[in-house]
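Each of the next two complexes has chain A plus one other chain: chain B in the first, chain C in the second.
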Partner chain A sequence: MEEILLHLAGGLTEAMQPLNFMMIVIGCALGLLIGAMPGLGSVNGVAILLPITFLVPPTSAIIFLAAIYYGAMYGGAISSITLGIPGASTAVATVFDGRPLAQAGQADRALTAAAVASFVGGTISVVLFTLFAPPLAAFALKFGPQEEFALMVLAFATFIGLGGDDIPKTVFSILIGLVLAAVGLDIISGQPRLIFGDIDGFLHGINFLVLAIGIYGIGEMLWTLETTQGEVVVHKVQVSVDRMKANFKDIKNYIMTTSLGSVLGYFVGTLPAAGATPASLMSYGLAKTFSKNPDSFGKGNVAGVAAPEAANNAASTGSMLPMITLGIPGSPTTAILLGGMIIWGLRPGPLLFSENPEFVWGLIGSLYIANFMTLVINLAFIPLFVKILTLPFTILAPIIYILCVVGGYAPTQTMHDVWLMLLFGVVGYLLRKLNYPVAPAVLAIVLGPLAERSLRQSLLASHGDMSVFVTRPISAVCIIIALLLVCYPMIQKFTRKGSRAVAAGQG
Partner chain B sequence: MTNVLSKIKRTAIPAVVAAATSLGVSAPAMAEWSPKKPIELIIMAGAGGGADQIARLLQGLIEKKKLSPRPVIPINKPGGSGAEALRYIQDKEGDDHTILVTLNSFYTTPVIQQGIGVDVSNFTPIGRMAIDNFLLWVNSGRDDITDLDSYVAAVKAAGTGWKVGGTGTGQEDSILTAMMEKEFGYDVTYIPFPGGGTVAKNLVGNHVDSTVNNPAEQNEFFRAGETKPLVQFTAERLPAYPDVPTANELGVNMEYYMQRSINGPPGMSKEAQDWYINLFKTLFDSEEWQTFCTDDGLACDQWLAGDDLGAYHTQQIALHKELIESVGATAITGE
Partner chain C sequence: MAVLLALCSIGLMFKSAELRIGWVPDRGPGSGAWPFWLSAGMLLCCLATIWRWFRGVTPESRNLEPYMPRETAMIVGISAGSIVFLLVITHLLGIYVALFLFLLFYLKFIGHHGWPLTISMMIGVPIFVFCLFEWALKIPLPKSITEPMFYPIYDLMYGV
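Let's look at the complex of A and B:
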């Protein structure tokens, strides 16, 4: 313990060096900007800026890239809340409640919640990282395909409760998502499937961000057009010191959700191949399931903003654990960081902690400072961000449209995805009109491939024996929790109906 | 001006080329073609594996040495043992801004997965960066397995309960696994994972019983004492593993290598091909690349480019067809 504190003190001193500190500030600011631009996520940001890091020593370089990664996690929330377009895949769940809050004139409240939750998530996870990195890395190794699949089942279970009381519609939505996730090449045999004849664009599968931008960006725009009938609407926005104070008092309303999301996010992040997007969605699902007021989710519950934001920042820290201790990236962005480390002459693996302590602890130290800096920068700019909302819809709509098209084009750079994005926009609008929840479909398309792979790996290993999921302790625990979660909303519904019936009887 | 120069160059007057070189004009600057937009560097495998590490190192070196006026963006397309990447490159016919980093599934995937309709002999060969090696690995906790004989005995005892982790059907490790199955007369269960890094992790976590990994993928776990190599499938012992016998030494005739080469889509312009050949030759000769090769147990002593690489591909395609036929495609796909 003393040794850890000593190392940490060293790491913090390292991160406070003028050059490193400058790297943190610039990295955070750049990350915010990159995260806020739809289609330009932390992956692209880190990839584009990687070369700059050859000019500085390795520790400063990783600090810079980690700060960008971090900042982007905060930044994604900005466009999710103000424009209703997810800035990055990690911020999709933030749209669910962030957008309704903004439309209700409470964008500042949502943005504050996002910033605070991100800060809490980041801080909790970096503390966990500091204290328990080696045992957690050992735990991550215990996760084989069976455990991964059980975890995915758990994630789906959290979403059964998501669609509100209409469970059949939720299940339908999840199934649609799973079918869309199956498009592309079969992950085991490599044969093309569901490619609609032979349309090349479908070979690489359906990009999840394309779906999310379509449904939330375009779908939302169509919905607004219908509800306003083309009338010019200007959202009311107030910014004042009193409101800021109220926003901070608000923290107590979501601090529990945030803490839960942080721990969950960190944990999911440490598992190779999961990453921040599944973490944020799972955190949202969990927050809703355990909320006293689950019906308010999706309609502007501030806890629905805090939960995914805490989780995605926590997961981004978490995903650095397998990168450093195992040399396996926990997310696409850490894959690029890993490449960087190899170029700087560092060998990520079980020995990095002991062989390059100043590098590892410098990085950990910088995460503490980066967290704080991003919070400050973010809070300072909230008044500016909410100003975006004062633009009349007639000006805002074309901007949103352009950002959606760019965001749809950017990830794979094919027009195929742009058409697909527009199609999903119309589908999203129709689903909304028919009162189908779309969040479960979004979850399914993210987790579907992960679940399919781990299921098939497990069954290959067990020669088709399904009992492996319950005979291994970790997966058995996940499956049991999943079952409880599936039953929980039903029991809740039943008891609520019961009490209502009793109340009616007495009345 | 540059046009004229390159026309002269194309007629191949050695004196002019020699003069230009002696003037110290760097080769990429000479060519009339240069990238007009970011170059996509397609990786036909997942993040963290050998191909991925190489691609990202090359990207980093290109940026560090300012060898390209436009950035190089590495993109992973790991689907279907590289089928996704191969199809992507094939469909980019005539494009000068997309290149591919290969592994041997470049040869095997089109043979095993006829359905994707890819013919790699039409691709534009650029340069061969390295030859990679393979070793057989088990978890260090397996005290009962100390050499090839005890390994074979353990596998035979376990039967199909023995799980071999790999990067996908048709990838090098699946071919080596099939070769071993045939040689020793056993049958194992092959489980595909996305990328060699994940395979290595699953061996450390005891989720699979053995793997056939490249040195780069296992080296850090080996140094940490988590895993141990039993046999190397090379002609001679690698300097990094002086105590591990080769299969040949043990009387088992089994050698297998993997090439790491850069290739363009079919119909890439000659000018672009020349530009890329120059670019990757510069990288191949760089101190950083050669150091990386030594550290990771790659062989990087012979540079092959353009038509020479094309000829090498032709020979390797034939060899792999033969290998697949001898072990049977079903042995590899496990169907």
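Let's look at the complex of A and C:
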């Protein structure tokens, strides 16, 4: 323990060197901007700015990229809350409650919750990273395809509750998301699959951002148009010192959710190929399932903003763990960071801690500082962010449409995806009118490829024996928890009916 | 809507069944198995929804109001149509001309804003989009037949 603290002190001193500190501040600010742009996330920021890092020493370079990564995680929440478009895939779950809060004139409350939860998530995960790096890396390695699939089932189970009492519509939403994720080349045989109308654009699959931007950007705008009938809507926004104080007092209402989301996010982040997006969606699902007031989720519950934001920041730190300790990236962004480390002449793996301690501990120290700096920058700019909401609808709507179109085009640079995005936006709006929950579809399209690959690998290994998911301890535990979560709304429904019957009997 | 979605599910099942949906020796489940069984699940969910509608369990099944009143269809249709217009013009004349015309249409004819605001947005937004995406992030946007007009700017940017 003493040794860890000594190393950490050395790392913090390294991170506070003028060049490194400057890298942290610039990285956080750039990350915030990139994360806030729809369609662009930390992976774009890190990839685009990677060449710049060859101009500075490796420690400063990784500090810069880690700061961008952190900043982008915070930044994704800004457009999710103010515009209702997820700035990055990791901020999809933030829209569910962030947007209703902004529409109710509480954007500052949602932004504060997002910033504070991100800070808590980041801090808890960095502490966990510092303390439990080697044993957790070894535990994550025990996850085979069976455990991965069971974890995916658990993620879907947490979302069954999202659709309220209408379970068939929620399950339909999950299944259609999974089918959309199956479009393109089959991951095992390489055969083209579900290529509608023989259109080549389907061969590269459907990017989940296309669905997310379509539903939450265009679909949301059409929904707003219907509810306001085109009348100019200016959201009431007030930002004052008193309100900010009240927002900080509000923290106690979501600190538990935030802490749980942080631990969950950190752990999911450490799993290879999982990452921050599934972590944030799972954290939201769990927060709703165990909330005293689950019906308020999706309508503007501040815990619904805090839970995914804590988890996505924690996961971003968590995903660095297998990268540093084992040389296995936990997310696309860490894959690029790993590439950078190799180019800088470092060898990621267990020996990195002993061969390059100043690099590893400098990175860990910078995570603490980057976390704090991003919180400060974010809170300072909240008044500016909420000003966006005071724009008249007829100015805001075309800007959002343009951001959606450009954001939908940027990741794959094909117009096919932009047309699909429009289609998803319109269909999402039409389904929403009939109370079909759309969030589970977004979760499913993200997790779909992972779920299918792990299921097929498991079945192949067991020669089609499905019992493999319940005979291995970790996957059995996940499956049991998933079953309990699926049964939970039904049990709740029956107990409510029972208590109503008792009350009626007494009356 | 549930009937329509049920038909879509059946269509997806047929589409998936174009590939092998059974067990392939040494390769596990066929390529079509995963989407086929997912589509079958979708069909079951639609049937459950239709059943719940007949029994009047859901709020939507008891709602007698029209699905989409004429005024809503008009206002939503114009907005969705304007995005279709933006995409069609992007195909024909490139994104920058499309943004220019889209903003003119939306701000002036739908929003009834003044000319100073409309013109400044018509010019400012495409410049912002260009600077951020093409110059800073190096992501080329579609320009169609207007591409040659950008060659001098590329020369300045890349110093060719």
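By definition in this document, the second predicted complex is superposed on the first by the 503 of 507 C-alpha atoms of A that agree within 3 Å, B and C clash if a C-alpha of one lies under 4 Å from a C-alpha of the other, contacts with A are read in each partner's own complex, and residues count from 1 in each chain.
The rule is short, and it goes like this: contacts are C-beta pairs under 8 Å (C-beta built on N, C-alpha and C of every residue); 3 or more make two chains touch, one makes a residue touch a chain.
For clarity, every value in this text was computed on a predicted model and none was experimentally measured.
Asker: According to the stated criteria, A:226 is in contact with first (chain B), second (chain C), both, or neither; which is it?
Answerer: It touches chain C, and chain B stays clear.
Asker: Could you say whether A:171 touches chain B, chain C, both of them, or neither, answering first, second, both or neither?
Answerer: In the superposition, A:171 contacts chain C only.
Asker: Looking at the overlay, does A:189 come into contact with chain B only (first), chain C only (second), both, or neither?
Answerer: both
Asker: Given the touch rule stated above, what does A:415 touch, chain B (first), chain C (second), both, or neither?
Answerer: It touches chain C, and chain B stays clear.
Asker: Is A:468 touching the first partner chain B, the second partner chain C, both, or neither of them?
Answerer: A:468 contacts neither chain B nor chain C.
Asker: For A:460, is the partner it touches chain B (first), chain C (second), both, or none of the two (neither)?
Answerer: both
Asker: Look at A:398 in the shared chain and tell me whether it touches chain B only, chain C only, both, or neither; answer first, second, both or neither.
Answerer: second
Asker: Scan A:430 for contacts with chain B and chain C and give back first, second, both or neither.
Answerer: Second partner only.
Asker: Which partner, chain B or chain C, touches the larger number of chain A residues?
Answerer: The partner that reaches more residues of chain A in the superposed model: C.
Asker: Let me check the overlay on chain A: which residues of chain A are in contact with chain B and also with chain C?
Answerer: 48, 186, 188-189, 191, 457, 460
Asker: Can you name the residues of chain A that touch chain C in the complex?
Answerer: Where chain A meets chain C, its residues are 37, 40, 44, 48, 166, 168-169, 171-172, 175-176, 178-179, 182, 186, 188-189, 191, 193-194, 196, 218, 221-222, 225-226, 229-230, 392, 394-395, 397-399, 401-402, 405-406, 409-410, 413, 415, 418-419, 422, 425-426, 429-431, 433-435, 452, 455-457, 459-460, 464.
Asker: Which residues, counting only chain C, touch chain A once they are in their complex?
Answerer: Touching chain A from chain C are residues 1, 5, 12, 15-16, 19, 23, 27-29, 31-32, 34-35, 38-39, 41-42, 45-46, 48-49, 52, 58-60, 67-68, 71-72, 75-76, 79-80, 82-84, 86-87, 90-91, 95, 99, 102-103, 106-107, 110-113, 117, 121, 125, 129, 132-133, 137-142.
Asker: For chain B, which residues count as touching chain A in their complex?
Answerer: Residues in contact with chain A: 47-48, 52-53, 55-57, 59-61, 63-64, 71, 73-74, 76-77, 79-81, 83-84, 87-88, 91, 109, 112-113, 115-116, 160, 163, 168-170, 189-194, 197-198, 200-202, 204-208, 219-221, 223-224, 226, 288, 292, 333-335.
Asker: Where on chain A is chain B touching in the complex?
Answerer: Going by the criterion above, the answer is residues 47-48, 50-51, 54, 141-145, 184-192, 200, 203-205, 272-273, 322, 326-329, 332, 335-336, 338-340, 342-343, 347-351, 453, 457, 460-461, 463.
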